[in-house]
Each structure stands twice: as structure tokens, then as C-alpha cells.
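Each chain carries a letter (A, B, C and D) given by its place in the written order, and its residues are counted from 1.
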Amino acid sequence: MQHTDYSAKVIDHFMNPRNMGELAGANAVGTVGSPACGDMMDIYLKVEGDQIVDASFKTFGCTAAIANSSMMTEMVKGMSLQDAENLKNRDIEAALDGLPPHKIHCSTLAADALHEAIKSYKERQGATQGKVAAS
Amino acid sequence: MATTQTPAPPRRIYMDHAATARPLPEVVAAMLPYLAEEYGSPQSFHRQGSGPAHALKRAREQVGGLIGAPASQITFTSGGIEANNLAVKGAALAYERRGKHIVTTEVEHYSVHHSVKFLEKLGFETTLVKVDGYGRVDPQAVVDALRDDTILVSVQLANQEVGTLQPVAEVARLVKAHNKQIIVHTDATYAVGQIPVDVATLGVDLLSLTAHRFYGPKGAGALYAGKGVRLTPLIHGGVQENGKRAGTENVPAIVGLGVAAERAAAEMEARVEKVRGLRDRLERGLLERIENVQVNGHPSERLPGYLDLSIEGIEGEGTLVRLDLDGIAVASGSACASMALKGSPVLHAIGVDEVLAQGSILITLGIDNTDADIDDALEEIPKVVATLRAMSPIYGKRKHYFR
Amino acid sequence: MATTQTPAPPRRIYMDHAATARPLPEVVAAMLPYLAEEYGSPQSFHRQGSGPAHALKRAREQVGGLIGAPASQITFTSGGIEANNLAVKGAALAYERRGKHIVTTEVEHYSVHHSVKFLEKLGFETTLVKVDGYGRVDPQAVVDALRDDTILVSVQLANQEVGTLQPVAEVARLVKAHNKQIIVHTDATYAVGQIPVDVATLGVDLLSLTAHRFYGPKGAGALYAGKGVRLTPLIHGGVQENGKRAGTENVPAIVGLGVAAERAAAEMEARVEKVRGLRDRLERGLLERIENVQVNGHPSERLPGYLDLSIEGIEGEGTLVRLDLDGIAVASGSACASMALKGSPVLHAIGVDEVLAQGSILITLGIDNTDADIDDALEEIPKVVATLRAMSPIYGKRKHYFR
Amino acid sequence: MQHTDYSAKVIDHFMNPRNMGELAGANAVGTVGSPACGDMMDIYLKVEGDQIVDASFKTFGCTAAIANSSMMTEMVKGMSLQDAENLKNRDIEAALDGLPPHKIHCSTLAADALHEAIKSYKERQGATQGKVAAS
């Protein structure tokens, strides 16, 4: 493939990433991937009640990995936790107008990072609220 | 899926001569008649065949001239990969009665590695000799790998990825001193046309080359085979190329190869000097402007145009795309930039840290590059690196993520 | 040795389309950008690779379109001979666990025969099915040759020398009915672009073609491989062509192949009609003007442009030279005109008298031939035949010299 | 090879063969070659005393076979039998300005036909003169 096989949206989110950097006041973090395999994402969320009020990312990875991080953080801002938990990698991919076949795993990674962040948030919530997290 | 509509950048700077190079205008001009009025087959007995037949003869002399070989010892192929397949499989199958052991290195091109793997299915055995941190093989280690049933040694002249030059002449000398019946092949695809190459000085039996690496066309390469060296054909079925390679000859491409060879021979010194000068300036400049970066390959024993960098904390594919959008075309050894989604085995073999390997950028300069290209690269590359490092969750956390 | 200084004849008439054909001007025009600004490698990730990558994609669709195959089932090669080698060796090695027996015919091209001979060294066995006096194979005879361990059947679509068409669809149907696991290959190098060819109608698993036979460039061909058909690569070492054929793609030639395929598909009916019309007029006219001559191959089931004549009492090489000096380029199956100095195995297989075979002239017409060409040929060929017969010690002495 | 690899002399003798046809009054004939192999030559000589006074040929064969026949008949006209017996294929080849490697055998054929004609002539002479031909 060539990078010209990326959609205009992918290139736009790669060149002008939204919500890039650590997030002041984040109360949830999800980290997935492994640098040795070529991609790693830190996703930061600021959750208030049931809602994600802000999100950001830092990503080591290819064009698609960065674009998916950027798009995903855009999508989840303002979302309820439940909707975010139901966000599928296909949704991010669709929002980016598709991904080359080789690069589908990058959208999976972004969804995984999000779900990881929510999970750790909930676990922590459960712990601080004295409840046992339901498995 | 919609594709990018980004407007083309104002100027394209090509720094990926490891992939392929732009054919010289005189190469293309020489090819054109053979796509038009001189379209005949060189095997035709009639007049329409004689122009093409003479053109082939001339090209064979030109290619021989570039590497110090008689024209009769040049076999045309469709490219370097076919030449490597013909050399390795062809020699192994031709000499299998003597033995079934092959010695090669960890850093050969896939065309040698996969040919050897194929032969293993036919009962051959292989020893892969290790390389040092610069990617160089120790000639004595090659000799140590020889067995009584070794029939073939294949060691590349220059590495495709880090540009390191191998001590092939010394390897050939020692191997032949050990047992002069062993066939010595060198994949010189990356060296021919870039640096002086002479088959007698090297002392090899077989040498592969390809046109499109030195400003010739795609679709033509050659295998040099010394006097008396036997080869089982890879492509059977015709009298062409002395029975060593069947198929209607790709006359236009072979003519282009010939002209490219002649130009390379004539301009060798000037080319080396120019390309090395540009590369050295780029290397120095980038090392000054970017911290936490390492140069892969041998510091001096390296192809003149090669600069392979591992840049801490960022990933190569993204770097490549950003540079390309800025108009600069480079390559990367990162897994994400490869069609196979595999990290570079060469960087692995020379012991580059896995994470650093993902951040490798391969810049290969050619005779068409200019001082202005270097100026632009010195400006753009550090910017892109800084931008991507700012996004990276691992940059600056070396202790966590690097060995 | 001094070479001939004879001035070029006023007009060259090319009647050797069996050897190769002149690329169409639009084919050459389409190739040019890929020899110049679009010189990148289709495997490069950067922008310089995207033009060539899209061009490959387009060519794959065009070639698929010509033979009714999806683009994904087209593998580009350097030509028809390589495609045949890949088909025969590639399928045999991929399926050798099922068995090691191959069935093919006496009249296949050397690229099939020699591939099979090579495989015999690796333990394969072959049955060569005989042909009748027209060069046609009996489909039932192919089935009769099948064994429990037969893995591959290879029957050409059209013969390279007499133009006879084989009943490949019937062969494939019967073979598959017998055992659907057997892979069926057809060398359609001489048929594709000359007559309608459709892989579904034929029912074959593998089909070889080459560009330069239908007004495309030398250096590009293709192998169609149906869904799920496995092939061991012939040329190992890269991700190109889905791993089936390594080597930097010869983009300009492949683009030319694509355009030639598209033109052939669009003009098929008109081409067949034109070429057959010219051939029929030439055939009738020559048979009227020359006595004691026979037409080889099938009277009707024959490629439209083919006219293979055995002319009593004269030898083909001399005939060919005199015609060429008159400006008419033809070929000959005579031993003296072949580089291998061997008589034609095809004429032998169809039972042409040995002496008559030495007097064979192969005239193959193409879309660039005109009525005026036929007029000239009808005038010149009988004259040359008469002159050479006057010199011949055997002409008119049939009882002495012919069986 | 192409026919343009033939020398101008070969082409000239092929296109304008000298001494072509049966020879009226010939008293020696040599035939060599085999049509099935692609070439056959009949060489006719008219011998007077020790001298070849005339020569001709008929040849079935390639350009080189015909040119060698023609050149050879030209060369032997007026030659003594002994000189003709010593004529080598290399001499004919040289007179034609050389032959392509594939075609050397054609000059051998012409020399053989000549020697064959002389031998049969001598045998017949020996027979008619009541002598036994020395082996």
C-alpha cells in the first residue's frame, strides 16, 4: 500500500491530531500495545458522573494508530460511559472513512485503549466507593 | 474508501534509491526504438531479428564492461531477484552430486534466504553465518562454517538496508583456499553501479546485478557466471541466453541495462564522490539537529548513498508519511511500513533494539539529489521528529521501554 | 567476418507474428510515463509508489478482463515461458504430496516439456499424449493417461507452430469429471489476444499468456490461477504478486500488457475477421500458384493468422532468406533455421515427412498486415519457390526421397 | 543468428549462384548429405586429363549450403585434380569471407561432395583403364 491509500480523514487526523497530549485532571488512563511491535497508546479520560467530559491521547505508532487515537478521543467526548463501552473499532474506522486492510488493527487498538481506560476507571470507582467490582 | 485528496507538494525529493531509481533519459531514449520499429525477436532468422540481436550483443558487452567480465559470461534475467534465484538454486541443483550444504549470512536479501529455504525442502542444509554490530560478516566465520559437503557460499556485496559492505574478496579467497570447488556467489545488486565492482578482484564465480538500481529500467538484470560454472536453469524452455534462461528476451529493458552500465562505468568516480558528499553532509547535519538517534551500518565501509537512522521514541511509518507529505520520499524498516508487517531482520541481526528498529528511517541518496535536497531534508526531518516525539508516550522514558 | 551490406528492401512485410509482434503505439505511449516520472516501486509506501501501484492494479483488471478472470487471480511474470514454468513446476511442487504424475502432450512448447523434464529429475513421471495428423489431442486419450497419482494435466490452447486449437474445454471437463483434484493448466500464450479466451468456459485452473504475442511489449506475461490453486513460487524472495513471484515489478511492461489486453478485448471480433480473411486469401492463392505443397495443422480449428506450409523439394532456411531479401519476414520449422539446429518436433509429431518438414515455411499474419502485403506475398513466394526448386537435386524425384 | 550475419559474398553466391544445374558432358558426380537432415548436394565435374575444366552443382539446403556449392564450383574450375583433392573446407569458407559458426558444416559438405566426385571419377578411370584402384 501507499499512504495515499489512507482516506483524507485519516491523513487529516494524523497531520492535525485532536486532543493530543496528557490530560490535566484525567481520572482514567488506558494503555495498550507494545513499542516493540510498533504501536502503543495512552488514552486519558476525564469522567464526571456517567459522562466522559474530556479525552486525550499520546501514541507511538503509525499514521493509522495516531489517526485512530485522535478520532476516538473526538468521538467519546461528551459520551456516556455506557455508550463509550459499546463503541466498536468499526465505528472509529467508519468515522475515518475506512482504513486499508493492513491497518484495521489500529482501530482495534484505539477501542481497546478506551475500554481499558473505562475498565480501570470503574475498578477504581468501585474500590473508592467500597464496592466490589462485578466481574 | 475515499482516498487522500491532499494537493501534491510543491517539490518532490526522492531519497529512496534503495527501492528503485529514475532511469536516465539516455537509457529511455535508447530503449524506444526497440519498443517500435526494432520490435523483432533476436531469435528470428530474418532481418527484423538482426537489430535486436545486435542490441543484445552490445548490451552484454556493456554489462560485462562494468564488472570486468567477458560478454559471454553475462546471462540476462528479469532482475536481481531472479538472478539471485538462478545463482543459488541453479548452482545448488547443478552441483548437488558434490554435496548439499550451503553457507550464507543472516543479512542476505529474501531472494537468497527464500531460495535456500526452498532448497532445504529438497534436502539441502544451510548454515547462516552471523554478522557483527555493523552488519559485517567475518570471513573466517564463513570458512569455519564450511563442511566437506559444502557446494555453495553466498555472501552479498552490500546490504540492502544498512548499506554495509561485506569483505567478499576476502571471503572468496579463503573459501577457495579451503576448497576451490566451492562455488562463491555474491548478490551485488546493491553495489553494482554504486561502487566499483570487478569480478576478478572479487574472485567470485557468480554475481547478481539489476538495472533499476543504477538508473536503468525495471525488468532487466544479469547474472555473471565464470567460465565453466554450471547452472541448472530456473526458467526452462528455450535457446535464449545460452540455454541458461529461456523466454523471449526483453530487448528494450536489456538495451536500457546496457546503456545504464556504460554510463555507470564512465561516471563511477564522480558519482561516488557526489553521492557520498551529499550523504555525509546529511548525516552530520541530522546528528547535530536531532538527539537520541543512531546510525545503523558500518561507519565507513558502507554504500555512499546510505543513511539508515534509528530515531528514539517515534515510529517509522508515520515519519515516512509526514516526510512524504512534505515532499521527501524515504523508506523505513518499521514493521508498519512493510507489506509483510514484519520488522527488519537485518536490524535484528545487527542487534538494534526492537523499539529503536521501529523508529528506523532509511534515506538513500542518488545522483539526482542536489545540495538543495539536503538543505530541505535538514530542515524538514528534525521538525517531523520533534512533532512525533511530542505525541509519543515513550519518548524520554528510555529506561522504561528500551533495553 | 564481414557482414552483409545489402541495402534494406523498399518495404518490409512482417509475417512472423508467431515470433513476436509490434507493440501498438498506444501501448508504448502508456508505458512511457512509467519509464520517466512514475519510476517508483509499487511497493514503496511513499507517494512515488502510488502511481505505479495503481497502474499495476489497473493492468491486473485489464488482463483479467481479457480472459474473464477476477484481477486477484492474475499473477504477472516476465513472459509466457516463465508463466509456463511457474504453472508446471509451481503446481507440481505444491501438490507433490498427492502424487507425482503429470500428463501433457507431444506438441507442447519447450517451456512445458523442459519443465516436466526438470521435474522428472525430482522424481516425477510424465505421460506424453499423442496427437493426430492435424496436431489435435483426443480428450479421451488424455483421460486414459490419467493415473491415481496424476496431479497435473497441461494441454496447450493453440499450437505454436501449426496453430492447431486443442479441445481444452473438453479435456478439462473430462479430467475434472474423472478426478476434480487434478490441476489443469493450459498454455494459452498463442491464443490469448488472437481468439476469444475465457477461463470459465475452458474450466482450467491455470492459464499462461504473454503480452508480446498480442501487440504488447516484451517482458510481461501472466499466469491465471483459479481460486484456491496453490503454487510453489519459481522466483522466491518478495511480497510482490502475493508472494507468487518475487522481484521489483516491471511496471512499464505490465502497463503495456494491460493496455494490449484491453485493446484485444475491444477489437477481438474485428481482428479475428481481418486476420483470418487475409490468411484465407493467402492460403488459397499460394495453393493455386504452387504445386506439391501441403498445409500443416487443422483445416478449420486453427489460429486465424496461421499458415504453415511444407513445400516439396526445397529447404526452409534458404526460402526464408530469399523472402527476407525481398522484404517478407517469415519463419521456418527447418533444422537449419533453428538455433538448436534441430528439426521441428511438432511436425514430427503430426507425422509430416522428414524431408517435407525441412521445407516448411511458417507464415503468421497479424493485425498490421494489409491486402497489399498478401498481394506481394502471392507474387514473391511462388517465385522464390520456383528458383530454389530449380536448384534442387531432389525436387520432382519424390519417389526417391520422400516416404 | 540472422541471415545478416552471413557475409556479403555468401549472400551474393546464394542469390546469384554460379554454375547451377546439371552439367552437360559431366564425367564425374559426387553426392553427399541427406534431405531428411536438411541438406544434400550433387556436384558435377567435367575432367579432362588431370584438370577440372568445368563444374556445376544442384543443392537442396540452406543459404550457406547453396553458397558453398556455388563458390566451390567456381574455385575448382581449371584446377588440377590434385589441387582439388587438397581443397579444404576452410578454403571455401575463407573464399566466402567466413561463415557463421552454425554453418561451418556447409563448407565441409561442399568439400566432401567435391572429393566424393573426384574419388568416383578416379575409381571409374581405374576401372575403364583396367587398373585396380589403390585403396
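The working rule: a residue touches a chain if its C-beta (ideal position, glycine included) is under 8 Å from a C-beta of that chain, and two chains touch if they have at least 3 such contacts.
For clarity, every value in this text was computed on a predicted model and none was experimentally measured.
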Shared interface partners, meaning chains that touch chain C and chain D: B
B-D or A-B, whichever has more C-beta pairs in contact: A-B
Gap in Å, rounded to a whole number, between the CA centres of chain C and chain B: 34
Inter-centroid spacing, chain D versus chain B (mean Cα positions, whole Å): 57
Euclidean distance of C-alpha centroids - chain A vs chain B, Å: 40
Centre distance in Å when chain A and chain D are each reduced to the mean of their C-alpha atoms: 93
Junction residues of chain B - those touching two or more other chains: 44-47, 49, 317, 320-321, 324, 337, 339
Multi-chain contact residues (two or more partners), chain D: 1, 3-5
Residue ranges of chain D in contact with chain C within the complex: 1, 3-11, 14-15, 17, 20-21, 31, 35-42, 58-66, 97-100, 102
List of chain B residues in touch with chain A within their complex: 1-6, 313-315, 317-318, 320-322, 324-325, 334-337, 339, 341, 343, 354-355, 358, 390-395, 401
Chain B partner contacts - residues on chain C that touch it in the complex: 8, 12, 14, 16, 19-23, 25, 28, 31-32, 35-36, 39-41, 43-49, 78-82, 84-85, 109-115, 117-118, 122, 210, 212, 217-220, 232-239, 246-253, 317, 320-321, 323-324, 329-332, 337-340
Chain A-facing residues of chain C, complex: 44-47, 49-50, 53
Chain C-touching residues of chain A, taken from the complex the two chains share: 1-5
